[in-house]
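We call the chains A, B, C and D, going by the order they appear; numbering starts again at 1 in every chain.
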Amino acid sequence: MTFKDDRSQPRRKPYTLVRPYVPLAVLLALLSSVGAIQHTFVSPYNLSVLADESSVILLLATAQTVVILLGGIDLSMAALTALASVLIALTLPSMKVGSVISVLALTTLLGAFQGYIHARAQLPSVVVTLAGLGIWSSLALTIAHTTIPVSAGFSAIGWLKGSSFGVPHSFAFAAAALAVLAGSLRWLPLGRYVYAIGLNPRAALLSGIRVGRVKTLAFALTGLFSGLAGMAMVARTGSGNPTIADSLLLPSIAAVLIGGTKMSGGVGGLGCTVIGALSITILRVGIAATGLDPAYEPIAYGVLIVTAALATDRSWDPLQK
Amino acid sequence: MEPQHEQGVLKFSSFHPWGPCVALIVLCVGFGLAEPRFASMENLRVIADRSAIPLILAVGMTFVVLQGAIDLSIEGVMAVSSLTVAMLVLNSRTGLDLGLIGVLLAVLSGVGIGLVNGIVVTRLGVPPFMATLGVWSAASGFAMLLSGGQPPLIHDQTLRAFGLGRTFTVPNLAIVAILVLALGYVLQHYTRFGRYSMAIGGGEHLARLTGLPVDRYKVLAFVFSGLLASLGGVLGSARIGLGHIDVGLGQMFATVTAVVVGGTSLGGGRGGVIQSAVGTVILAVIADGMIFVGITPDLQKAVQGVIILSASLFATWRQRGRLRIIR
Amino acid sequence: MNAPVLRTEGLSKSFAGIRVLDDVSIEVRAREVVGLIGENGAGKSTLLKVLAGLCRPDCGRIVLRGTTISLRCVSEAAAAGIGMVCQEQSLLSNLSVAENVLLGHEDAALRLGVFYNWGALHALAKAQLDKLGSSIMPSAQTDTLSFGERQMVELAKVMAIENRTPHEPVILLDEVTSMLDTEQTETVLTQIECLRNRASVVFVSHRLDEVLRVCDRVYVMNNGRCVAQRNRGCYKIADLQQLMLGRNLSVEYRNDAPQVLITGSTVRLSVRALSRANSYQAVSFELRAGEVLGIAGVSRSGRESLCRTLFGAEEPDSGEIVLDGKSVSFAEPADAVRLGIGYVPVERLVEGVVAGLSVRENMTLAHLDGLCRGPLIDRGRERELVMRWVERLRIKLRAPETPAYQLSGGNQQKLVLAKWLIARKPKILILDHPLLGLDVCTRMEITLLIRDLARSGISILLIADTLNELIALSDSIIVMKDGAVSGCFPASTERPSEREILERMV
Amino acid sequence: MKKSVLMIAGSVLLMLSARIVAAVPLCDKSQIRLVNSMREIAQPYHANLDKGGRMFARWAGLEQRYILQLNQGDSDKQVSLMRGVLTTNPRCTIFNVEPNADLVVQPMVNAANQSGAWIVTHWAHNEGLHPFDGNDQWIAHVAVNSLEAGVAISKLLAASIGGKGGIVALQGRLDTDPARKRFAGLLQVLKSMPDLRLLDQQTANWDRTAAFPIMQTWLAKYGNQIAGVWAANDDMALGALEALRAADLAGKIPVVGVDGIPEAIAAIDKGEMIATVSSDAYYQGSIGLAMGVCVLTGQVPLPKAWPKEKREYYLKLQVITKGNAWQYRSDPQPSAYVHDWDCANLWNRSTSKAF
């Protein structure tokens, strides 16, 4: 059964035109509705605060997007972030900048390791990263039973704290990282391989793409970005903690999906992930700002996810059923 | 060569059928050798008791997963049903004392949420992952509203007694779980619901082509999963004696893990309730065994991770092939 | 001359403004086999889909046994006694054969209307399979069956319709033979003959000879219209072809350029005692530069597996592959690609193209690194290269950015070929059923292309759909049987006859 | 002795400063916002924090200005939520913070310093951090001596089993200060009592549901070796208790916990638990707000003028046993706290400086 007739139904046409802008619309709607209740919420200061808040989720979501584009998923990022935060906090005093670099290198390796297992042993990424989730988090817990304040050498990451021209550095940093990645997705062969694999891994394989290598690389990326997120965390809280990021896993994935990237891989991109991350952040902070009963936050959260999916994820795609 | 419908998000060919069983046996023997008391009758009961609620959840989840979907909302459902039951039977907050009816109503709350899942997925065409993620969140928010900072204590003694009691030295919850498992088995192998779920998982559009009422059975699966989730919530609160929004804390990950470890493919169309049951017991044995051999709390998650990983490796290593597609 | 069972009046259907069915009126009489012939995109499949309730016509009506019907879905069509076997198979490979055959109609096999009675279910399915004289076990898991066997199950599934309607069913067969090799096609054709005394059949195939063989009447379609109708016996093939193409078919690939004797040229690839467990054993042959080497054999003779091995997609257990005098081993297809080997798989949409990507992206997918300036892709050069090949292969498309799934089968096949040809110097092309399911015109283009490529020095390893195709295309031929080379016809002036090859195949 | 001296000195100093700095209100009372920032309200302890806060708000006539912030165990979010509120009129906003983890104190204090909001923190914070080190918006840190709590219940448990036998311990979230300190208290007591054996210890993350199966497993593993159950909070203690009940051991094996939540007290009445230590959630949930109001309305001088021991001190803990359980049975009336909320007696429950 070919899908030609299905996809070329004319009534779909206009919708597919507006589809790309839906995430943005959702974001604005969210912002304005909170702003309506709490006027100062849309003040420049607060917006910069929001941007600052979103930075960590943004970092996580960015790398997650690549993996999801490949058709996989990485559940271990948050745990790896926590591990990184602990290690950085521990080693900063002695190694200064060196600690950051070496920790980033380590997390990248760990990520790559997961990717390698996933590709080499042909285990689904859910399983591998689920295991990773457990391993990294208890590793962090074993290394540091509790919060590790950064006693010295904070300057090595302190620059992430400030803000210039009202733009918080952490956000600028995250955005820059995302931009670089988006660029390479667009301009490097690697990027095209990612989409090809996500859409049709078998054809990609038979076109001579080294699928295993690409996957390993993608997970190395999630590792690296987990490390960066950990760094941002330490910069924000001035300490590392083994459970610092547990609660960021689902929000970061949700950010990717709200951004309009499809779970099934190959469709979507980094552009909207920014928007997704911001929407999530507004939700986390906004409800509180409006002074509503906190119980309404998860409700709104759920509604947003569903509506966003409703808006973005109905695009038709020949290889998905 | 693999047929095309093997592809798609999270799809991968099914585990070696005996892998999980072997893994389970190996684990039991291992723990048994390390700590003889592990093999004691009492501990077997504990394991049965421990795996009861996860098993109930896993059976529900299995049908959703067989269809190639996933239900992340079970924690939310458990929270809602837990509070509903606690507020409907004799309790510390509301004057109500509906007894069994209260329990039934609580279980129905799960059906309702499952219905929402199903409708959002089928009518609105939202992918299950996101639909249920959203419903999960919304449901737990609703539960928070119900709880309102005053967790209702359950004073209904029959319910408490049932939750904690044993019949013929078998924990009641374990008995319930067995019944649910049996029900699940019959549903899967001897009814349209089960067989069509298989078909839908095998290739949804093909199933549609053949004129199967796919949507109806999808909704049904979510409803069933919701039903069992709320049952789990009710039993859980009957056990700890209050309505608590955290009654299902961590159950979602655990259940999915159990289903995967058992060898039901997240891609749908392969596996079944029995496999999921094995997976659940594996996890229960791990959790219980680790306390037995005294692995320090910090490392337990790590050990769990390693075991999941090696179990899957062990199960699928032989199926590797250059053209095998894994998501 | 009996009354029509099924009649269409002025059916029209457009997709995205393009008219694919234009005022089509045909009729199918009881116990009659009607053939539909026409180029790809002539509207044959669409017509069948309309009849089977897969899509609804914009205007026109369908009259079944004198009453106008409107079909909203397949099950309605089935209820009315119309069943269709699609080009792509519609079996659920994770279910048992029995379940597939009776899917959606198990009522007869239910206890208390709820619980499956497996015994009864298998019995019912067996009955259907017996009609077709097939010996497939109803309890077998479908994905353990061969493609041909699955095709049988499809037929059985459709035939099951007759139990549900008081009338004789109308069976629509869309390209059922296009994916089958010679001997499977035979069985299917004989089945169609048998169907004649139980049902009405509409049969669509690209293979003119098949259609002419089994059909009492043929309708000729040409871009959306039904241009002619001929009764058995009163037509000439050339005349039909002309009707199909709307123009005269100058050259058929059968009477094709004389073989070049390339025995002199260098050996490009030599395979020595290559073996892979339960696929093929001790296969040895040599492939010379500019040679087209055809591999004959029934399905499961190990030839597909052999081709995949030579592309690095499957690993051999023993033996050695020598490319240009150097022994090579492929860890994955990528290695083979780097050495200038290309592979055109059978299942185009599943393995050949990435349907979601644009034509441009698909074409350059295999050789992107050649198109990079520094680390970045040189879009300009890429687009220019793509356009060049689009023209050279006459790929019909609106823009290079058109997503691949919008191309017709033929153009997709060209695209897959182009993917390998853009390499700086492709050495070997492995073609697995390159002409599968293509219309006459595209077949010819690709046939000629293959010849050109060979002449330009590329060695080609070929698996063809039919024997005469194989004989026509290849210089030398090896025959495989049960995984071993059972015959070898080196390039020479006179060609082996089909019979010679066939007797080595089976 | 020393304590009382401190108290006197403190109050004297307060009067002096009150007279010298003829404090003017910093905010119009109607502008004041009271924010209670805590983990969740599913656990009774937190529920009581919230109740305490609301009680105070009602008493102070600021009921409409009371905001509850729940971070669901998400440290990062606790900070985000705070910043979210700071966008409007921060200088009149008072935060009473139950830190989800001690690492959040630093960033929350920073946020307060930047925005001019006022903050009171509870429990514990990272080492080397003090209100009096230039953190002028950080009114005070009301520390809880978890070690002391741990020691107290451990002693009572030991006593109840005659100082010998095996016990099992349920720990809280391992990365939190109270969890570790309370356990340290237990270890301290164990050292002093050679006959008392720690059979096993696990974490149940403060959670009742998690405690249940762990206790079950222990019963299977150690059977009658278990003479007592030590839990780092009441919720887990009650979870363990239910597991005991399932084995008909409820009341036969003594259980201790911390927090003094109503159910625990009921259990103590029934004799199924023997002791819990209460830091008085109602008080913790309200005192910070009370301090803030006093500061903002100018009834007390600016915190920076306060002596160190009033900026960071330990909170008096109440050990609840069968003996005194009756006092805590029902939800307390606001009247019980009015005295403590009075700007003159803000430090009533200070035991000693906590630095």
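Quick note on the criterion: a residue touches a chain if its C-beta (ideal position, glycine included) is under 8 Å from a C-beta of that chain, and two chains touch if they have at least 3 such contacts.
Note that the structure is predicted; figures quoted are calculated from it, not measured.
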From chain B, the most remote chain by mean C-alpha position
C
With chain centres defined as C-alpha means, what is the inter-centre distance between chain A and chain B in Å?
28
Determine the centre-to-centre distance between chain B and chain C, using the mean Cα coordinates as centres, and give it in whole Å.
44
Could you please state the distance in Å, as a whole number, between where the Cα atoms of chain B are centred and where those of chain D are centred?
36
Residues of chain C engaged with two or more neighbouring chains
54, 90, 313, 332-333, 350
Of all residues in chain A, the ones touching two or more other chains
1, 141, 145, 200, 202, 205-206, 293-294, 319
Which residues belonging to chain D are in contact with no fewer than two other chains?
174
Could you please write down every pair of chains that are in touch?
A-B, A-C, A-D, B-C, B-D
Applying the document's contact rule, which stretches of chain A touch chain C when the two form their complex?
1-5, 7-8, 10, 187-189, 192-193, 195-196, 199-200, 202-212, 266-267, 317-319
Contact set on chain A toward chain B in their complex
1, 71-73, 117-119, 121-128, 130-135, 137-139, 141-142, 145, 200-202, 205-206, 250, 254, 257, 262-265, 293-306, 308-310, 313-314, 319-321
Residues of chain D defined as touching chain A within the complex
67-70, 72-77, 79-81, 83-88, 101-104, 106-107, 126-129, 173-177, 180
Complex contacts: residues of chain B adjacent to chain D:
35, 37-38, 40, 42-43, 45-46, 49-50, 144, 147-151, 153, 164-166, 171, 236, 239-242, 244-247, 249, 287-288, 291-292, 294, 297-298
Please give the residue numbers of chain A that touch chain D in the complex, ascending.
38, 40-41, 43, 45-46, 49, 53, 56, 141, 144-147, 149, 151, 233, 236-239, 241-248, 281, 284-286, 288-289, 291, 293-294
